[in-house]
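First up is the structure itself, then whatever we jot down about it.
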Amino acid sequence: MSEFASNDALSVQIGDDGSIVVAGEIDMAGGPVLDAAITPRENDQPLVIDLAQVSFIDSSGLRSLLEASRRAHTRGTVVQLRHIGPEVARLLEITGTTDQFEVTLR
Amino acid sequence: MSDPNLSTTGGPTTGGPTTGGPTTGGPTTVGPGPVLLRLPADPAMSRVLRLAASGLASLAGLSVDEIEDLKIAVSEVLVVLIEHGGGKPVDVTIEVVGEGFQIDASTEVIEFDPDDPDLRLCRTVLGGVCASHEIHVDDGRARIRAVMVRSH
Amino acid sequence: MSDPNLSTTGGPTTGGPTTGGPTTGGPTTVGPGPVLLRLPADPAMSRVLRLAASGLASLAGLSVDEIEDLKIAVSEVLVVLIEHGGGKPVDVTIEVVGEGFQIDASTEVIEFDPDDPDLRLCRTVLGGVCASHEIHVDDGRARIRAVMVRSH
Amino acid sequence: MSEFASNDALSVQIGDDGSIVVAGEIDMAGGPVLDAAITPRENDQPLVIDLAQVSFIDSSGLRSLLEASRRAHTRGTVVQLRHIGPEVARLLEITGTTDQFEVTLR
């Protein structure tokens, strides 16, 4: 796994399988960090984002994910959110956006 | 051996209400007064605000789930006021009120439309974690009030 | 693969300096501006203040030991102003300055003697964790300024 | 071990050997909690306070300990601080008060 980008509360790494592995808190400061990791990895394959180590997410983080999903749909593919925990699940549920993604639970 | 009276955190100069912690099983009391944070309009302040809010919440005896919801609420408030504000400091007041927590936040704005579609996602989230919330502009400042109700 | 430029936490509306975190190894930058907390004069606020201060400190890339010292410093400032203050809210401003952190705190006082022997232990502790500190009374308010210098 | 008193950041328990076992943060809010645990246990035997689980202490907490030490000395006995970690050690060192106690490190 290689370090991609981080701030003091968030780290984004690229897994050996090309997945984007996020750890920490995805908030207003983290959204742009996540965007920057996602954009160069967008192609006609499913984009895999591993959220197992994400302990907090707000609408800024969700917005990054939703925009990636929208772009993926226009390319005829999807965003897979892997190993989401209760924090991510709760935000997807509140916003009714679970079905924008292929989701596996933690 | 357990004396619930010893769980008060009142010190020499404070005669205010006690702030019994969750482990003492005492009655839920209203806190010692509002806490104000004035934060620079920087996205990195989101985590600073969440830390302060979760400290207050644990003091007030909120459950883990309620603390998570309060962290989401204060983060959304900051998203609205920093991403749509004028870049000036943001004031956030958090207060334990009878039924729960009240968040009052404001910042100077240049142009601000409470019905901006870009605010919809924030509003949806606030609506999910708060009993009520309201965003309006008044005297050149955007103001948000959000109320969270405790389950116990 | 590592791009240090991506470590900035600047959002859409902020053009201020970047706040690179400790893991990116970037230069230590001065923060986005002062953070003010106005806290009720309740001993339980000590932990709320420490949480906010440690969030700021980790943002500024302080080491674990430096964060511990900052937590001690803000706690001592609060001991002085709550135990010897008039029971009114305490204002604490924390700012990243060129060489480190500056804490400015004040509260309304009725009688306050900066040389009170009861303050000696607090002063000794402040002296141990801060590069400098000063306590004085001015216009009915006790004021403390403490400066912490970073080791890097 | 029996629960003695606590607030949301501090717990004080009485160990089976009569020692006072403190966990959490001893600050302005915790000092009085600690005082209340210490006072009824003062006699002509060494007063044992286990600080292994203490992650923060400021002058308020130290003041409780110093006052207990002073009272112990007048009774011809001592306060033993057991298993202190780096946070407690640093405050004792800064204030030059290590020798007011019998100290064992964590």
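Each chain carries a letter (A, B, C and D) given by its place in the written order, and its residues are counted from 1.
In this text, a contact is a pair of C-beta atoms (placed from the backbone, for glycine too) under 8 Å apart; a residue touches a chain by one contact, two chains touch by 3 or more.
Quantities reported herein were computed from a predicted structural model and do not represent experimental measurements.
K.L.:
Between subunit A and subunit B, tell me the centre distance in angstrom, where each centre is the average of that chain's C-alpha atoms.
P.N.:
Their C-alpha centroids are separated by 27 Å.
K.L.:
What is the distance, in whole Å, between the centres of subunit B and subunit C, each centre taken as the mean of its C-alpha atoms?
P.N.:
Between these chains, centre-to-centre, one finds 21 Å.
K.L.:
Roughly how far is subunit B from subunit D, centre to centre by C-alpha average, rounded to an integer in Å?
P.N.:
From the centre of subunit B to the centre of subunit D is 34 Å.
K.L.:
Would you give the residues of subunit D that are in contact with at least 2 other chains, written as numbers and ranges?
P.N.:
Those would be 7-9, 28-29, 31-32.
K.L.:
List, in ascending order, every residue of subunit B touching at least 2 other chains.
P.N.:
9-11, 19, 42-44, 47, 50, 59, 82-83 - these are the residues of subunit B that touch more than one other chain.
K.L.:
Sort the chain contact graph into one of these: line, ring, star, complete or other.
P.N.:
Topology of the interface graph: other, matching no listed pattern.
K.L.:
Output every touching chain pair, sorted by label.
P.N.:
Every touching chain pair, ordered by label, is A-B, A-C, B-C, B-D, C-D.
K.L.:
Inside the complex, what are the residues of subunit A that reach subunit C?
P.N.:
So the residues of subunit A in touch with subunit C come to 2-9, 11, 14, 28-33, 36-37.
K.L.:
Considering only the defined contacts, which subunit B positions touch subunit A in the complex?
P.N.:
My answer: residues 42-44, 46-47, 50, 68, 71-72, 75-76, 78-79, 82-83, 121-122, 124-125, 127-129.
K.L.:
Write out the stretch or stretches of subunit A touching subunit B in their complex.
P.N.:
So the residues of subunit A in touch with subunit B come to 7-9, 25, 27-29, 31-32, 56, 58-60, 62-63, 66, 87, 90-91, 93-96.
K.L.:
Note which residues of subunit B are touching subunit C in the complex, please.
P.N.:
9-16, 19, 31-45, 47-48, 50-52, 54-56, 59, 82-85, 87, 89
K.L.:
Could you please specify the touching residues of subunit B with respect to subunit D in the complex?
P.N.:
So the residues of subunit B touching subunit D come out as 1-3, 6-11, 19-24, 58-59, 61.
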